[in-house]
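Look at the two complexes coming up: chain A is in both, with chain B in one and chain C in the other.
Showing the complex of A and B:
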């Protein structure tokens, strides 16, 4: 009897241990932090247009905004034989480095930057919990690294503190906008009296105008929709970036087709794991969402939960729109029919941004402060259609180009006054 | 130690008794490190890297260097140890009473957010008032979070494994709600709470050595005293060993269950408060940690004994503290620490296999031993 009871508890213990491992760091697979094979830099001639490389010359009716080189390439222009002694380290957010999202593409950008300038391959630290951010950054400081990339808003306060304490080390904060008081400390009142350029001259805060990318996706969705009902599924309404994507999508769609009905849903309103790390949950949610709302185009803004959303869209036979990176490429839709319905993706050029910053640091042209990536500096865009269906017609492409030009000129509003607020 | 046989007071007898207790955990750790080394070597080809037989040495070397290699590293280890120690003590206490508290994770999170809520009330007062008040908030938050499953078990017989897991999810959502709603930093575009002001724990040693670490270690003798030197502690252990006999002897298992759960939750809540007030100073809605689950391994490895839990939490804390340097120096991902930890747990749980294989003698179960770690019971025992 005693043994029986104990064994029940033991099984519970094991299950829980397994589950806890899964929840925190999804797979105990000891794979080294090599990136998924998806984002190989360009040598493949196939149209797996990676978001990382500068947009391919646009012979096809590509939705990629511009064929001009990235600002990085033009400003720093390192010779391929350059060799740099810069030591580059990356601290990601909690999770895993091959998350096919923020962590992965920031690290990817750091690797590309290191290759460009001829530096040693960057190292990566994945924190185990939120209280590790500062000490993980400190590890690199103690090892006298020159460039430290911190990924995600959650690492912002730790990065500000580290940048203030180590004025000679370069910090690149992805998805971090710097707001400091006159002493260079993080400003909780958001008065932002201090000038980060002078107070923290070696801290580059990178942020993106996701609403512009969402706006372009909205144009595509409204244009290819037959039923005039389109949908968008976000991971959680608490993350401003997610909300901005969807607000832009809504505005872009309405501007293209005033009669269109935009249905919006959020997978979760409180649970970040469900919102961004639960493909099965995303699939279930999206299946119900499609049945209830009957959209014929579905945009996902939900990390890997969103991969499930795309699967549901493809299963239901409607069109899907990916997010952040070219998901046709990153999910290998060319060979995997479960993702075959991806028409395009609303991209933010995450890797480009990190790569560019590293090039600028190496080239001596870098400056601290906030760098906003948007249409004007090719920071956002939509990926070219690769499914061969020709849904994005030249007419739609013209709409996209016009919208991009309008964004550059500042004549197109892509976000409402409540930008980023649910 | 063992009461089953007359205690052997000679030196060799004591050594043998001590070996009987520590042999299994030590073997589990050693075997887990060996398996971890194999995993490192064998996974290299999968990741498309050349097989490097020296990699485990580099990796474990960096792990060692990063955890105890210098003064800062040691402080770092103590910092990661403190929450594991407190939450582990709580879970161990539950084991002693036959309760399998999986809810330390939720209790930790609620303790953290409660400490922020309390801290915001007193953020501009003197630290001498603000700090104890905020810590108390953490303890109360965690205790409340464990009190609920305790009551459910005592009055309805709902098994605590199920209810505490559920409470973990509710804790996550509660945290999201509070950090994006009532406790949100005004004007912030992100769902993050305001800071803790004067309730921030002072740094006593080095860069990271905050007051919470000292508090964590000071709690150890308190828990030990409670368990082994008070009537209540005896009752807790008696209920864990045999609830029917305990009730027959006039104890009140229901009350003891609620009490034990609440204390355990309070300890996990204190762990959360210590970490928030000492390290993070704020919480984002997506705050992420594994302390609550790691603490289960700590309690099992420490065999629910407060002293054992100190050593177990130091080991796991060192692995956590050393993991970043292991990633930097050896390029071995942090998941390896999870692998080693999981294998330790596996060997501990599959102890019959290890005992048979290494011919270890079992320690007979009774009130005096530390073996009551996984005896838990369902509703039938509480009437």
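Showing the complex of A and C:
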């Protein structure tokens, strides 16, 4: 009797403890992790489609490899008539390909890249769960693919392992910054002693300077704010990408309007599930944040939790700014008034980055290691305003263009010295 | 740690407590509303627990029931909107036809899943903890799988219920304004939680149904001898409890947000069970415990974006920030541990009833 009672109480108590801790995965997530375990019947990579049959007069001989990988986007595109025999495969994160988010834009980049170099259309695999990342990559390896694109931070460790085992295959890791020990293995201590360029010469880790995108969002926020109070809500302060977005936002806002007050909140300081996968929690957090700080523009950097933040902003009648991709599109704001207040989004140009990497591989100019995408290679930006309210006036657009030019010239500081640190 | 202890000796503790109270009072207008909003799903879960366990059935499957209801509510809303269009939301609470259909379906789904639990727990006389766990696991897996199928077509939600708009001058009233704002600046499901708590408290202790429920939970054999149908009453209570838990799930996907996320209940059902125990198996007590949890959560949110200043702020800088994340859980565990000796569950709680077996 008593044992039974106690056991029920114990289960309840343990569950509470578990709820605060167990759900927290110790792996840092990207600012917008794809929604938690969702399962999609994955199209297995069929044996390659027939290569494009456009008769190209001469296969472009590999250009002289330049030392620094200056990823030029579509500008330096080889002529579309070129024909390449590269076989390109994409492994997305869990979810679906057309998620209007990381998966979709990275895959689109791969498609564009393949078209640019005249290769066959890339194949795509959507893993059913995180434990399939490695086997899905291996499928491409065993079918002797030449270029394998893996999408999102979550696939990082599987990609490192595959790149180490297959030094002749090109790997493009979207939103992955490579940190390896002296043997080329993934370094969980983040000491990063190994040089990825030499250890993993065919692994391109694409990362983005989030602070530059955040800076542009900050310019918009400070310009459209009437009350001179703007806000930003991040998921967790342990993920450098999240912190960089917000630091850039702060600097961009201050540079535009020195009198603006930037209020910042992080939903959680320890729990990744709460930080990125709890829209209901994000809604209540943001509602409280808005009532207490009274901002009239709110920037979210919190994944699915952030969708709740945007909803709270729209309910409260203030303007929202999305993150990572054009969230007006990704949340279907045109038809769903729940998200109708999204003015713009601080974007990573995933498609550009993947496309440019494929071009470099084909052109022979690619080099492994970490490649930063920023204003100089059109890697970041803000999305067009689509709500029809005309909040981003030509004057604000000029400010944005000036800031972008300044970033390219290196004359604008978008991140403090503590860049990315909590 | 040494530094922390030295700090404790160095700072007058009374002053800190005074400052902490001052900080909470300062933040009260903002955190009270959030505290209520956070506690609503927990209240529903706790009420479900009270109704089930008072009649002798342990229901830890309510997390899964909430999740299923949240899923069904959102999906039916999507489908109904496709066929019926959005419709004009009513000025009060923003009711639309698709939303009402969705809410009814969510409650029905919750009741159906409870019926499964009732059948396993009462008729099959299976272990009730196992049966509840099965429901939780099935709900998490099934909704996660189905949402991935459905979301491939970029569905459009049915919208969400809107809060009862409190006039600004009422919310700004001195002394009571914040309380009115916290309790009534909420949507219909949230307000119904508060009403249902009071109704259930009265029913459980002042009505024939309540007396029968309690007697079945304490001593089913005796109840049977005076002509109460134990099995029927337990079935009825578990299914009614399912409807309550379903409202909690619907609150998440149809009132707080207009979306469904796999696993979006995030353990709120389990916290509801803890609230039920802390509240000693009474609706009002469970309500209080849930609001306490919600308040602790809201205070820890306040600390993240408006940290206290002065010596309290200095003191809190020495504490790892993760501690404030854990605050709601710590408060619940401390109270749970402190009260567990005196919080007595119904005597026949969790025991399958068999007419033939001698007890």
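In this text, the second predicted complex is superposed on the first by the 231 of 422 C-alpha atoms of A that agree within 3 Å, B and C clash if a C-alpha of one lies under 4 Å from a C-alpha of the other, contacts with A are read in each partner's own complex, and residues count from 1 in each chain.
The working rule: contacts are C-beta pairs under 8 Å (C-beta built on N, C-alpha and C of every residue); 3 or more make two chains touch, one makes a residue touch a chain.
Values in this document were obtained by computation on a predicted structure and should not be read as measured data.
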Touching partner for A:279 - first (chain B), second (chain C), both, neither
second
Pick one for A:292: touches chain B only (first), chain C only (second), both, or neither.
second
Looking at the overlay, does A:140 come into contact with chain B only (first), chain C only (second), both, or neither?
first
Using the superposition on chain A described above, determine whether A:271 touches chain B (first), chain C (second), both, or neither.
both
Quick check on my understanding: which residues of chain A belong to both its chain B contact set and its chain C contact set?
5, 8-9, 12-13, 16-18, 20, 23, 95-96, 269-271, 273
Under the stated contact criterion, what part of chain A meets chain B in this complex?
2, 5-6, 8-10, 12-14, 16-18, 20-21, 23-25, 27-34, 89, 94-97, 123-132, 134-136, 138-140, 142-143, 153-154, 157, 188-190, 238-240, 269-273, 420-421
Chain C touches which residues of chain A in the complex?
4-5, 7-9, 11-13, 15-20, 23, 35-40, 95-96, 98, 100, 263-271, 273-274, 277-281, 283-285, 287-289, 291-293, 304, 307-308, 311, 315, 332, 335-338
Along chain C, where are the residues that touch chain A in the complex?
27, 29-31, 33-34, 37-38, 41, 58, 60, 129, 144-145, 147-149, 151-152, 154, 156-157, 159-160, 162, 252, 256-259, 261-264, 266-267, 270-271, 273-274, 277, 298, 301-302, 304-306, 321-322, 324-326, 329, 332-333, 336-337, 340, 345, 349-351
Tell me, which parts of chain B touch chain A in their complex?
39-40, 43-44, 46-49, 66, 72, 76, 79-80, 83, 100, 102, 105, 161, 165, 169, 172-173, 176-177, 180, 185, 187-191, 194-195, 207-208, 275, 279-293, 296-297, 300, 320-321, 323-325, 327-328, 331-339, 342, 345-346, 349, 365, 374-378
